[in-house]
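Encoded as structure tokens, the structure appears first; notes follow it.
When the chains are written out, they are named A, B, C and D in that same order, and each has its own residue count from 1.
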Amino acid sequence: MPKTVLRVVDVVKRFGGIVAVDHMSMEVYENEILGLIGPNGAGKTTLFNCITGVYRPDEGDVYFMDEKITGLPPHVIIQKGIARTWQKVRPFKKLTVLDAVTVGALLRIPDVDSAQEKAKEVLEFVGIEKEKWSRLGSEITLIEHKLVDLARALATEPKLLLLDEVAAGLRPHEMDRLAKVLLRIRDEKKITMIVVEHVMRFVMGLSDRIVVMHQGRKIAEGSPQQVASDPKVIEAYLGTKPL
Amino acid sequence: MAKPNKILGIPRRNFYGIIVFALILSTVPALLRFNTYYVYLATDIILIASLVAAWNIIGGYAGQLDLAASAYMALGAVVTGNLLAFYGLTPWLGIPIGVLIALGVAVAVGYPTFRFGIKEVWYALLTAALVVILSRIYWLIYGSTETYLPTYEWSWFYLRFNRYEPFYYMLVVMLAIVLWINYRIRHSKLGYYLNAIREDELAAEALGIDVRRYKLYALMIYATLASIIGGIYVCITGVVGYRNFDPWLGITTAVMGIVGGLGSVEGAVMSGMILRTLEDYLRGTIGSQYPGSHLLVYGIILIVVGVLKPEGLASLIEYVKKRIPWLKS
Amino acid sequence: MISVEPMLLVQNIVNGVFMGLIYSLVALGLALIFGVMDIINFAHGDFVMIGAYLTFLLATTLLVDPTLTAFITMPLFFVIGVAVYKGIIERVLGAEPLIQIAVTVGLLMVLRNLALMIFKAEPRGVPFTVFGFPINVGPITIAASRLVAGIVSLVALFLVHMLLTRTKWGIAMRATADDREVAELMGINVKKVYAVTFGLGISLTALAAALIMTFSRADPYLGLLYGLLSWVIVAMGGLGGVIGVLASGLIIGVIEAIGISVVSAGARELFIYLTFFLILWFRPRGLFGRR
Amino acid sequence: MPAILNLGISKTASIAIAIIVIVIIIGIAAYYATQQPAAPTTPTSPSPTTSPSPTPTKPKITEIKIGLIEPLTGTHAVFGQEAKQAAELIIDIINNELGGIKNLGGAKLKLVVADAGETPESAKLAAEKLIAEEHPPIILGAYISRLTAAVAEVTEREKVILIMDGLVDSLTEQGWKYVFRAAPKASAHGKSAVEFVMEMAKKKGLEIKTAVVMNEDSIFGHYVAQGAILKLKEYGVKILDHIEYPYDIADATPLVSKLKELNPDIVISVPYFHDAVLIAKTIKAMGFHPMFIAGAGACGYTDPESIKAAGEAVEWYTNTYSYNPARPTEWNKKIVEEFKKRYGKLPTEAAGIVFYSLMVVKEALEKAAEMYPDDPLNPDHLREAFLALDLNDNNSIAAQLYPTGRIKFAPNGDNLYAGTAIIQVINGEPHVVWPDPEPGIEPVFPRPDWKGGG
């Protein structure tokens, strides 16, 4: 039985009258890549925000390594070891690539020089060329942004990494590059990951296990093949109900 | 702590930069042949430059548009001034007391403000309102009376002189210290964190940065520096009153910082010096014929910089730096 | 020191209500500009100031009541507003707040010092108005000019409310305020909406200025009074539409009146800005907040 | 945040501190090195042609610079600009019509002007600039008290005579040695306003029992109000309230409401321009009709601009002035005429003070030349000359321009015979009504719209 890293128990999040996440529960096991899929507005990003402390869930709890982390502020949650990337890249436009990653590294290494060494190491790991390190955040391409975001998160030395639509907007060969990096993160760094994704080809190929959300609830769970053939999932995606 | 390539925690290049800059500034009074007026003008310019450089910590690094520079400066000034005038307390003690009070106000205002996530335009307006509030509170306590500091021909104890050179050199040292603190912050965890907060608060928080705490640090450092400058300022002018809380000065400080280019302390110092000099020059030339025309020019500069060159003077400095190889590290 | 005559307090609160109506009118333009365009305009109060001078010039040369000048100044200010939008504001749309603030502070300095250059620092007033008499309602006295100003403000607020809710233009404005991109997809000419919004916001200040000139004066520093105050009202109203602005203006007017009655006239600003602090801290989305 | 601001004091740190210390020492050394030969600290010499040193050869003085530091820009520019116009006029009159300083062989006066700006800092800067570049032995300025105080710090140090046109009482209470003030100080304005009202009431057989004093909250307004309060107490009038408010209030209704509620016999009001327009209009609009409303402190209500801005709302208001443009003396008439001719407007407070202050300067220079022919421009000699003056309508032009017609300085620099004139708005025109009314003019008292008293 693999060790449980993250446990989401009966989480509810409402915005006004709308229930974005509706009694959602799930578990994430050590060193796996969990794909979290679902149609638009299924509540995936809201769930992410509940886990990472951007929102406080209205009901239910989140446990990380058997410790209750419900409602802790984001900067504390990351100290516990949960890092994330963003759906829309949030670059530090006026910082260099190296400095942006150094910011992440400073969480564990208070000394700037050592943190910079660490940042270089991570940048090399995700495969950003040396000559790009001194570029500003406003001067790099989308795939590089994604990789820098990833590097920033990795530099905080997380145990769990939450990736929000990391492949969105990328071209196929860029996705392959990204997928390789993610697999290396799992295999070499032994970091557990949750991947929220729309691009089916990408997430199906990458994930060890998949959870499907629809209208704030979990409607299916299992291996990519199991999920792909689940009638409930097909119905949700084909949209017999209005979205 | 000091690494081989660092002196006092800042890169060698910056350290020698400050020393050379201070040395050049030290020769200025002699170049002006100790003409009282020019030395006073130079003192005033250095004072504003120090204030703008101090503002750079909250405005440039942390990205908070603080318009209350004059509030903290005035707190330092009125505390130091009143203690000297009424109790004969030396500014050497008065300034630290002023700093403590300014720090108290900074924390009392900054803690809830950052706690409740007030930023951008609301932060700017809040700080502008702070200056008015403090001014009215002072007025309710002391009324409209003005206090004049006792005059001494040459007293280091009371920090009152009949010349401006001592103030000039004090402020040069102050400017060097403010510059050093700026560089020190830039090359420390605090600086990296503040820059990240300025760029994207949410992303910064997701990287483990306690945004409120670091903003408060920046505010505290800035309030401390501004109140020290205020303490020196009051010894120069010798007048204390509720008008020390000048909302306009708070705005001009921020304006100079923005024109300088956010986050670039060199730009901030340069813009403080240039704009202050320009203001005085314009006041003397066209200002007396057409009242307000010097500030009009100022306004136009601001619009032009904002519309065409939002990076401010800093981009100019960068440009020069790229052309001069030995300035690169 | 703190002893309040109940009758005086009532009288002051009545005054506060009428002042509050005028404040609402001034703030409405700012709320429109900020709400629809997301532009941070620090020069708003200075448009009121320019409007006050214009009212003075027109009223004293044409020898008409200051309130009538609004028929000329409002269209003129609409044009000025559109010109300022095209010349300056359009270029900083979507820029960082800091840059917008810097540019509008520059605009403020230009307007203020232009007034200082042309009119010098002396206050200018219109020496006549047909509304210069008191109206006694029991023990309460209301200045006629204030009553007129209050009623006109209320009517203007109502008309803007109707404009926003019942007309094609208003719906386009509100759609643009909600989501610029979606509005563009819906075929709304966003640039045009912005220009009109800015023009309308500025022309409202001309109306307010005309009303203010029935009882007050124009001086180059008038912008200070109304600029920050308008922002306080917008903060309080929290983009809650015309109703929010109206309610906030009234609250500010009454708070000011109570502050003056209970402590002293010098404490007026203290009360207003302390309220501002409390609102921002505890109701950051305003009392009638939407987003 | 210990790691953040770790000072890291090390060898290098001590080197850095040492360098800074050395820089300062070099600076100070350089200062003293250049100071010895230059020694420009005592700029008593009025122009390059003269020298204050007691050399036996008597230098010929052909030109004496007179400094003028006034707020020419910013909020207070109105006063500064008018003072500057007045000074230019008087200097022309002294040089051309009066033939300069006769006792100095007709030496001419030359006006040198600097802008005091809006802050003590800019005022001080202006004083430093003027003294460093022009070395005037006498300076006139700077209207606003905090600017005047800042200028006085410089003039005291440089031993330059400062003729103050700032009226705040405390300016002559600082123990300054080289300051003089011919103009009536702030509290004298408050006193005059009360004296006028009481005298009028007595004349008309009315009794004044209650009063409200209100003033804008500047230091000037404060002192004027204090003067009025002291005098009212002397007369046994009950002061119902003393209201202070910021001059830039948006709305005077609360103030006027309070006045109505208190319903005093008289109101002594110390306004600035902005609030004067507002208050007068609001009093009219709110229908408040006391026995009398007396302004004090020379700003607002009765000056031409306020009448223009407030219209009939300021009818029958009075105000106290440091200058009486209607005083029926030969020279006063002449100068008012000249001023009107040159600038197309009536001289007000700011100009009036400059008129007689500069004429006093002329008298003092004549006196100094008489008393100390070898070195008349030495600051101590000048001071003695000022103290020796005793001017009245018959022996000087200066006194003819002064409301009370007498000028004699006390050791602290204030005029012993200070007093103000009172101007009332009658039929939309300002008229002097007290102490000597204009010919054919009677003060209107009480206010005709007063409903009390029967």
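The rule is short, and it goes like this: a residue touches a chain if its C-beta (ideal position, glycine included) is under 8 Å from a C-beta of that chain, and two chains touch if they have at least 3 such contacts.
Because the structure is predicted, anything quoted here is derived from the model rather than measured.
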- Query: Which neighbours does chain A have in common with chain C?
  - Reply: B
- Name the most central chain, where centre means the mean of Cα atoms. B
- Task: Please flag the chain sitting at the greatest distance from chain A, going by CA centroids.
- Result: D
- Message: Based only on mean CA positions, could you tell me how far chain B sits from chain D in angstrom?
- Response: 34
- Note on the structure: Rounded to the nearest Å, the gap separating the Cα centres of chain B and chain C is 33
- Whole-angstrom distance, CA centroid of chain A to CA centroid of chain D, is 73
- Message: Where in chain C do residues touch at least two different other chains?
- Response: 116, 120-121, 224, 264, 266, 269
- Residues of chain B that touch two or more other chains sit at 139, 188-189, 291-292
- Task: Would you please write down the residue numbers of chain A that are in contact with two or more other chains?
- Result: 110-111
- Note on the structure: So the touching chain pairs work out to A-B, B-C, B-D, C-D
- Message: So in the complex, the part of chain B that touches chain C is made up of which residues?
- Response: 59, 63, 65, 112-113, 116-118, 120-122, 124-126, 128-130, 132-133, 136-137, 139-140, 247, 251, 254-255, 258-259, 262, 290-293, 295-296, 298-303, 305-307, 310
- Message: Using the touch definition from the top, list the residues of chain A that touch chain B in their complex.
- Response: 52, 54, 73-75, 78-79, 83-84, 86, 90-95, 99-100, 102-104, 106-107, 110-113, 115, 137, 152-153, 156
- Task: Note which residues of chain C are touching chain B in the complex, please.
- Result: 40, 88, 91-92, 95-103, 105-110, 112-117, 120-121, 220, 224, 228, 231-232, 235, 263-264, 266-267, 269-270, 273-274, 276-277, 280-282, 284
- Message: For a test of understanding, state which residues of chain D touch chain C in their complex under the given definition.
- Response: 74-78, 81, 217, 243-246, 248-251, 253-255, 257-258, 260-261, 273-274, 277-278, 281-282, 284-287, 305-313
- In the complex, the residues of chain B that touch chain A are 3, 187-189, 192-193, 195-196, 198-200, 202-211, 263
